[in-house]
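Each of the next two complexes has subunit A plus one more chain, namely subunit B in the first and subunit C in the second.
On to the complex of A and B.
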């Protein structure tokens, strides 16, 4: 080491826990020399609310309002997963219309989650117009959610046996209008974010991971597809009616932050196409197969693992029943459990302090699903 | 509905692990029961046979049997089959070898289970570091005999604990005594 470098000392940085950006309360402890990171340690736990424990103390149906809170930006996969798991254990039939409605809700949720992702990552890089636009446009989708479910963020809409309500009158036309609007805006988003030289300079080649390394370290969803691997739960382990719907799974080969953002951008268009197909092809009929008295309803003993493709990666529930009126155990496997701990600790080493927040965003870490 | 690829996985396991009880649960799901000391070799064997995605480890407290069940989930991206490897360790002083040498992220799940169920994972260096619970010195909270309401009534220093318990209609979990 020459004399010039000796004055660069090692520092400890604490990022978080007060919302490092908008990802939720989460903290990363960094050891850095100058502003180059030598070591990173993820510290979750600020959002631990004991959902898994609480679920064991409540009747099967009473857990429905709780599960959506496990992931704030993309709550619907949780509701659908819990319902799918319970239905599989109980052998409960789901009316076909309800399955199509669930696909629609999941994809609407994906669009709004990807919009907040694009706003978040741009905001972390200092491009403040994007978050304003995204939040504004996302609100049109939240209006549709409010109309459909009565709530904007936590919908509590999917329950074991189907969905709580049918579509309101005229909903389909208004949803189509909203989709048309968002689709029209996609060109603007592209020019605003991906054509921006600052965005390109800060994201291309930053936060890269090797595709083989990504698979071995549990990277899933859009983050894996940004490494050129075509893996999607909707196709690999199909659920609901995804096997009857046509859509593309976009992949990118950059493995960096730019690719990860680009994947989400392309998925918005795919999700719009899926929702349109659902609106065209959804059959008429019943939407809820009620499981009986919620206080007395027993689910046969057994265990089941169900998974869906959420906007952040593979979301899975492992549900165990001992034949009682309450779940015996529910384990939530959130995508951030790997992305938010081991993957980010590895990716941050060698990066600069200014890139910590964008890298966190690019992986789409959702701390509540680590803490549960 | 053909279950060919699932049967292939069951056969694959039975060739090398005769003591393992493998069965098909449904399409794309295979369950395997093995002894705790066979988990590491089985996961290593499956990893070499295409099960590259380590999904998670789940823990279930079977208090009536005095055991904690660990469920290792693996996924094969090529064959599209999910394998659940189940094993049981005693509740008191239960210990498992860590899977860190095979999959790095197993370390995270092991830290989680150590904190919430009190299972020890040999060879996991980060086990003693706080993960989710901060300054926690009570019993592992996800165990069935940990009563959340009783704990909060005690911890927050209720003056009249019994009347509070009566008001809340709480009872500590005693299901394991019925048998």
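On to the complex of A and C.
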């Protein structure tokens, strides 16, 4: 080779941070030989807002409007986690009604997050009807959120001590209607997505991960359950009132993109069942046990790790208090940190460039939660 | 399979009748939910400008700015929240800490502006109820959802049946736990400071108390009040009337918090550690050893003046000592705080009545400045027939003699005339001296009584019989010239134009009688300025009603070098106002004597 006629065999691709196939502001640098990826490098940081540091400079109550922003598509686990952690540190009792309302909100949030997930992965594969339907149906659920919490996306509803407002009048009936509608649509979704030969061809056997490897590398949530491992914080370490609720944890054995989408699809049904149980069994009573004066309230010194099962996997908050009016440190353990950096870098190797977006969507990566 | 696949697309026809997600014409406007969080609306008249919203805002989107045409006055400021919608995240916590409920989030969520930085149409503006009016939908607060601590720690009291027989204190005092919880309710808005005549740094000392740092609290008290525990027991607590938490819930027990913190410190002087002042070699005479005189003496001593108090009685404290009964203000508290002031080297001449034992001219000649704080020690009479009967007395006299340990003889059935705090003190003292039945006659309604609500309730609980809308017209004497009965008429309330309080008008044709053997007048007091020689009295400027001395902003009267304060200056006539006047006069005397200004 003399340099002049050198054949270029390897390319570098930059996918993101502004790319329709990327979830949020995130970037992946690829090295590919032809169409086959040799090396992938996840590049987060485009969305860094310094929330963990900011929280150290805000009073305990003033962090409530901030935590939901750590995960845009599924904000409620953040709110509930922060509240649970602070309550545990402060020894603050939560009224029982508030605990049931929190479960309802978490599951509603899971449904809408999974709907947007299914829309996203279908869109990445070129099935454009699905995102339209999912987004539209998700909007009906967001209407319920708007009635309950006053906002559609950043609900800012759960606060240490309970929830900020009680259910509005007639809310239960309207929520049941919405759930019935979404349940009815599930058949259509199944036929639209999972019966679709394109979807099957592009997802079955693509982006697989070994179950043992998944456990070793900290994969959690639906992504782990798609490898046949029945792991769910709601069952393993019940919080709120999940131990009083009956539901199944679906698992799949494909370990591939199809299984991961299928798990989400099945979980929508489970979540609908949970919300219905909550609506049936929610006790009457107070919804908020007020914490202290918002500007003066001091939480006793100590540290706590709390975790919930979010739509993306295990979400955890490690909160340290030095006994002051502000947190000493809040660390967020988001599932996307694992899935979005190490896991995707490994999974992409050997895949085709066209599969980058679907694989990313299938892992349900939420970049704001990497860059909190 | 092939046939099924052939027909499969036709199943999509079933979606034809469905309501579409996409927007179709005619355009359906989105109906926001009932509690949606949109742009702010603020009732500028109702808003008191406390700034809680700016304090709680995580995004620092709210700034308090001064607004011209809003109501000003007691318990409010002219500041109103200005919201920067480039920062606001519509969380609604500002609404949840609004003590008045004036701040709301409306259901208006769309707004278009050509120039976001324009001061008129831009995205930074002061929300009012015109730009985005609240129309029944949006995020509002209520006592149930408010983040404010609206519940107060109640002060434990002794049972009325038990306490009405002795002069022991009515209140039991806070436990430390209750005091700390109560102090932690403060949001630090400092609206209460407007209520305090002497402008005590209430949020600062509540913060110190919340940290159980009572020494720091005492340091803050003494900036402008040298009698904190006395005020912490019997103050009229205008601060609590101003407290923003009182609008939706119960105000903070600022008075008892102060009393609690002061009671935790035994030796003020050691804690305060004021340095020995530089000697000024100038002399100040203080006429009257009441709260105003003691306050002036304290702050003048700190500045190095030689201070002499001329006290007509053989005890210091003025009305605090001889007017307020011991069940409200224990002697130990009085001793502690008065002795602390005297310890700084204040000379006291007891039993020295100016005008009798020493002349005012002499003082004027020998001293560089004079402070008059003689108070209101002359009771008023009604001027009805039979007032010369035996068993008719002034409440001021009755309370003074009781407090000095020589209670006047009273009968079994006592009638007190009046509706102020003095009247309440007289009724309750009469009960404690063994009266079997105590009646309280007042010409207006119970709500119109100037006495504080808690005094009224305590008196009622102890069994004082309130007789509102009654007016004594004659005292009937028996053969020995003693009180036998009191004739009275009922009154009706006649509304007055111009928002004035209704006037009681007697119903003449019905005359009733109470059988009583003692009548105590508590219908008001007047100053006794007879100690001043005519020549000085002429120069002294009084207000239009002739009841109060006019002073300038330094507390100086129309006579140069003569300052005044307390009841004779101040129509509010309470201890904390006297302290405020004494503090002001001490500053004024310092300015006057150091030739500044």
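By definition in this document, the second predicted complex is superposed on the first by the 361 of 372 C-alpha atoms of A that agree within 3 Å, B and C clash if a C-alpha of one lies under 4 Å from a C-alpha of the other, contacts with A are read in each partner's own complex, and residues count from 1 in each chain.
The criterion applied here is as follows: a residue touches a chain if its C-beta (ideal position, glycine included) is under 8 Å from a C-beta of that chain, and two chains touch if they have at least 3 such contacts.
Predicted model only: the values in this text are computed from it and were never measured.
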item	value
First, second, both or neither for A:66, with subunit B first and subunit C second	second
First, second, both or neither for A:139, with subunit B first and subunit C second	second
Subunit B versus subunit C as contact partner of A:168, first or second or both or neither	second
Partner chain(s) touched by A:314 [first = subunit B, second = subunit C, both, neither]	first
First (subunit B), second (subunit C), both or neither touched by A:305	first
Partner chain in contact with A:58 - subunit B first, subunit C second, else both or neither	second
Contacts of A:295 with subunit B and subunit C, given as first, second, both or neither	second
Touch list for subunit C against partner subunit A, complex	21-22, 32-37, 55-59, 89-93, 96-97, 105, 139, 144-145, 147-149, 184-188, 207, 210
Interfacial residue positions of subunit A with respect to subunit B in the complex	44-45, 48, 50, 52-54, 56-57, 215-218, 220, 229, 231, 236-237, 303-305, 307, 314, 316, 318, 320, 328-329, 331, 333, 337-338, 341-343, 346, 370-371
Subunit B - residues contacting subunit A, complex	25, 28-29, 52-56, 58-61, 71, 73, 77, 80, 82, 84, 103-105, 107-109, 112, 130-134, 141-142, 144, 148
Residue ranges of subunit A touching subunit C (in the complex, touch as defined)	58, 61-66, 132-133, 135-137, 139, 143, 146-147, 149-151, 154, 156, 164-165, 168, 288, 290, 292-297
